[in-house]
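First the structure, which I've put down as structure tokens, then a few questions once you've had a look.
So that you can tell them apart, the chains are marked A, B and C in the order they are listed, and the count of residues begins at 1 in each.
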Amino acid sequence: MTSSVLRLSSITKRFGPLTANDAISFELAPGEVVALLGENGAGKTTLMNILFGHYVADEGTVEVFGEALPPGDPRAALEAGVGMVHQHFTLADNMTVLENIALGTESPWRLSLDRRRAAARIRALATDFGLEVDPAATISALTVGERQRVEILKALYRDARILILDEPTAVLTPIETEALFSTLRKLVAKGLSIIFISHKLNEVLAISDRVVVLRAGKLSGERRTAGATRQELAALMVGQEVAPPAVPEVARGPVLLKLYGVSTTGRGTRQRLDDVSLALIGGEITGLAGVSGNGQAALADLIAGLEKPASGRIEIASAAIADWSPRAALAAGIARIPEDRHAVGTIGDMSVTENVMAEQYRAPRFSKRGFLDWKAARAFAEEIIRDYDVKCPSPEARIRLLSGGNMQKLILGRALDPDPAVILANQPTRGLDVGAIAYVHGRLLAARARGAAILLISEDLEEIMALSDRILVMSNGRLSTPSARGERSVRDLAELMAGHGLEAA
Amino acid sequence: MMEAFEILFTASFWVAAIRIASPLIFATMGELICERAGVLNLGIEGIMAAGAFAGWFTVYSGGDLWTGVAVAAATGAAFGLLHATLTVPLGLSQHVVGIGVTLLATSITYFTYRLALPTVTSPPKIEPFQPLPIPVLSDIPILGEALFSQTPLTYLAFVTVAVVGWGLYRTPLGLAVRAAGENPAAVEAQGLSVTAIRIGAVMAGSALMAIGGAFLTMSAFNSFFFEMINGRGWICIALVVFGSWRPGKALLGAILFAAFDAYQIRLQQVTGGVVPYQLFLMLPYVLSILALVLVARRATYPKALMVPYQKGER
Amino acid sequence: MRLEPRPAPGMATLVLLPLGAILVTVLAASLLVLAAGASPLSVFGLVLKGAAGTQFALLETLTRATPLIFTGLAIAVAFRAKLWNIGAEAQLYAGAVATVVLGTGALPLPAPILVPLLMIAAVSAGALLLLGPAILKTRFGVDEVVTTLLLNFIMLLFVSMLLEGVLKDPMGLGWPQSQKLIAEARLPRIITGKRLHYGFVVAVFSAIVVWIIMKKTALGYEMRAVGHNPTAARFAGIPVNGVLLKTAILSGGLAALAGFSEVAGLKGNLTLDLSPGFGYSGIVVAMLAMLNPLGVVAAAIFVAGIFVGADAMSRTAGVPSYIANVMVATALLTMVTAIMLTRFKVRWR
């Protein structure tokens, strides 16, 4: 293949001691779909951010259509015909579709923006590629799928010849994913080349011509999709065969937390809960599946004590809860592992000690008459560091400096230390490497074995299916009926995730 | 009681209201531009003082009035550049830097004033902008007189609102400024520099604040004295919130506010010293706080206001 | 350019950067001195001499530092919890008003009872004044920067009203000033015949107490947590709004002690020029001290020295004393830059 549209040559990028990309090279042919496969943290996004000019590589070059791309300049990448659909959309929510698309496409010194021409062009592109969206709509009023279409339109509007999609299916329902794939096929038919970043094997096999696999910042293999097998790609991706965690039978306990017809008001644009009833049983992991943004966050906030029910009630160990707050949730024996380690789970500029004591500093163990016992706090931090195998320079180190996996272990230690009756684990393994994931799973299973009731919220259906004793699906703020382990197939669950067949329970 | 009511129907009252509103309009538009780009500019109070002095001093030293306005604007832009350098690429706290810029601009202004005029007891005067009645329009009773028999600088204030409004909502540049205040990542993903946009917005906004200050020494009064800004800058920050970050609404807010101010001055005379005058003087500040409380619940802030942005960060 | 966090800044960085900040400040001030047609070296010599060259100068500097320690502590405490209290000026006057209302004869008590009582009254007044904006912030989401700033103007007008009305000294020859405090309400001088008073001792003691609160107590821990990351603090069960209100009480109370100490220790009565901007200078003091309560004492003495020294210098060298304000404002900006650079490295590209 001599005529490549894109050539990455031995790209290396370091962040302090971490090498995110280690001498990675690959090429992209015209009309080709290359899947960039790898686990979270394998360096896929970093690599694409270098290509797009958000980051500057320490070593290596990027060539587009035979021309070297100046480093660190998104504008140059755009002008060379590279378009990127970021995993976290880069859209201004309070502005219209047209404004978001037209942003930066005209000389800033023009006295007026030609909205009519822009709108016509957006409509034409939308019809050509099946990306229906109203140019005058405000972004905040759009669904996640529609927002993604806007992101793709942004690239097409600028005549992109190479389209990079970073984990585009993470936020889509299976049906929306199908629509996305059909759009991508149309684009390829027009001669565009596509880089499709994912960690989901079945999608990679469905859409790509060729698969490039990254592992821990290195290129671990490259295969033509036609001849590749799942097992082979999985092995390239994780390095070794990962055995699914063994989930032994344990005795069921009593119902430890119960929600009766709870609805919430939904702050801002958040999906609200709609008449949700749920029972968490001791010795059970209840898995909550669903496409991101369907109310999982609202349910997590509710159980964590951050949000109060607007109607309905919460019962813990058969006692109704009156005043609900994070402190009340902790007092009721609920351990919480938040979705966002950095913004919610930890206080980055405070020390490891100060972070691990955060949920218990008022307890007599750590404070007497308002004065803190720093010696006890430090001992506690050392205990967690030891018991949870945390790698950190000292309990005094700012927690910001720790890796994601070590941060998560500290959060886990903080939450599980008081032997909680109920555990809320919201995306507990997101962005972690294989070892850390296995560790988190092991801890959750150990808690299950001692009789805790666990709610596991995850967007990773495989994780849910591997660990859960019962599975619930959330769509549009409503819960499906539970299904026992193995009762529903992947296809059944996907149907529920898309909102089909949800009983009005 | 009737007297207190009749004030509202005199032309002189509305002329005064528009005059009081003019510096607020300039400075409010300046702050609005900064905040729309995502930068809270608490340097406003000091920048207005610097502009008031720079404009006045230029004319006092023999420059012409419009040169004075230009010098004031340039002074404001310079302090804006200082503010933006510290808050945009370096990402320092916008609160602390803003207060610092206010303290710095004010003290440099006072220092320069004392240096230039070491021994004066009463502030020297200049020949300020004169009212320029617009033929025909200024003959309309009350409204015409109020709006069309003002100084050129007041007309410029209204033109500024129109330009800012058009600029923000109709031009590609304004689109970029608003996007920088809503989601800087969106701006960078479209190949524009968030840093350049924000620095430019803060400089332009600061220039307007300085012109607002210059209005006081070159149009409302004819000399410079210490403490003459007297919290007007802070009031403008409240006006931006009150106007929901929209130029038109902020203009209305400024006029409404100025009308109250003009009214309390007249009411003081009517009540004839029964009520302590300080209570009247407090009204503008109390009103600003009330305005903030009223709109706080439904205010839709620019989402990236006060959030520093680093390239490549999402 | 981009900023990269430094894992652990070296000793050299920690020393050199603040020194650089002071150097830049001095250089900037030198330009102004040159513009005034004087020699920077001799001017700074005069400032130094005026601030610390004689026993009188040194005592004067400490006297001037006293209110700055209080307002500096008030700001340090508030900023630590990211409660942007820019209204220390108003809280100072609130404390002064409380002192004058109760200390001019309304309470005929012996000094050991009256003085603590006046302090409590002053603290309550200042705390109440900041509680208003704090409640508006926690309940209605009103930005406290603007409300506390505006309250400065309201408070000054209120004091003016009192001084021309109910608190006016009938023997004051028409000047807007209050009556003198009774003798039992006054803070004694530390050295007889000199202006330095026990307010300074109270200020240093307050700094130690605040240091203990910040380092050793649950409240201090809560304040830091709320300041660094309110979302995470709330998640962990820290009552964020309650902590902010407690912070407001502490901060407002400390600022009010500045007013108490100026009236009871130095001036003896209340006038409209009681504070030449101590509330605003307190922000500079707190930032120079990197919000450390013990550092506040040193920073307050440094800032006071600049003001006292510049006053003395301007009388002899003819450079306007506003040079002190310029230096203090520049120091604020250079110091926050230096602090940032101790935590982040600037990388070009």
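Assume contacts are C-beta pairs under 8 Å (C-beta built on N, C-alpha and C of every residue); 3 or more make two chains touch, one makes a residue touch a chain.
As the structure is a computational prediction, the values presented were derived from the model and not from experiment.
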Farthest from chain C by Cα centre, which chain is it? Let me know. A
Check A-B against B-C and say which one is joined by more contacting C-beta pairs. B-C
Chain centre separation (chain A, chain C; CA means) in Å: 46
How many angstrom lie between the centres of chain A and chain B, each centre taken as the mean Cα position? 44
So, in whole Å, the Cα centroid of chain B is separated from that of chain C by 28
Please set out, as single numbers or ranges, the residues of chain A touching at least two other chains. 72
Where in chain B do residues touch at least two different other chains? 311-312
Touch list for chain C against partner chain B, complex: 1-3, 32, 35-36, 79, 84, 86, 136, 140-143, 145-147, 149-154, 157-158, 160-161, 164-165, 280, 283-284, 287, 318-320, 322-323, 325-326, 328-330, 332-333, 336-337, 340, 346
Can you tell me which positions in chain A touch chain B when the two form their complex? 49, 54-55, 72-79, 84, 86, 88, 90-95, 99-100, 102-113, 154
As the complex stands, chain A meets chain C at residues 16, 56, 71-72, 304-306, 325-327, 329-330, 336, 338, 343-350, 354, 358-359, 361-362, 367, 370-372, 374, 400-401
Complex contacts: residues of chain B adjacent to chain A: 170-173, 175-176, 178-179, 182-183, 185-192, 300, 303, 311-312, 314
Report the residues of chain B in contact with chain C in the complex, numbered from low to high. 42, 82, 86, 89-93, 95-97, 99-101, 103-104, 106-108, 110-111, 114-115, 118, 230-231, 234-235, 237-238, 241, 276, 278-279, 281-282, 285-286, 288-289, 292-293, 296-297, 299, 310-312
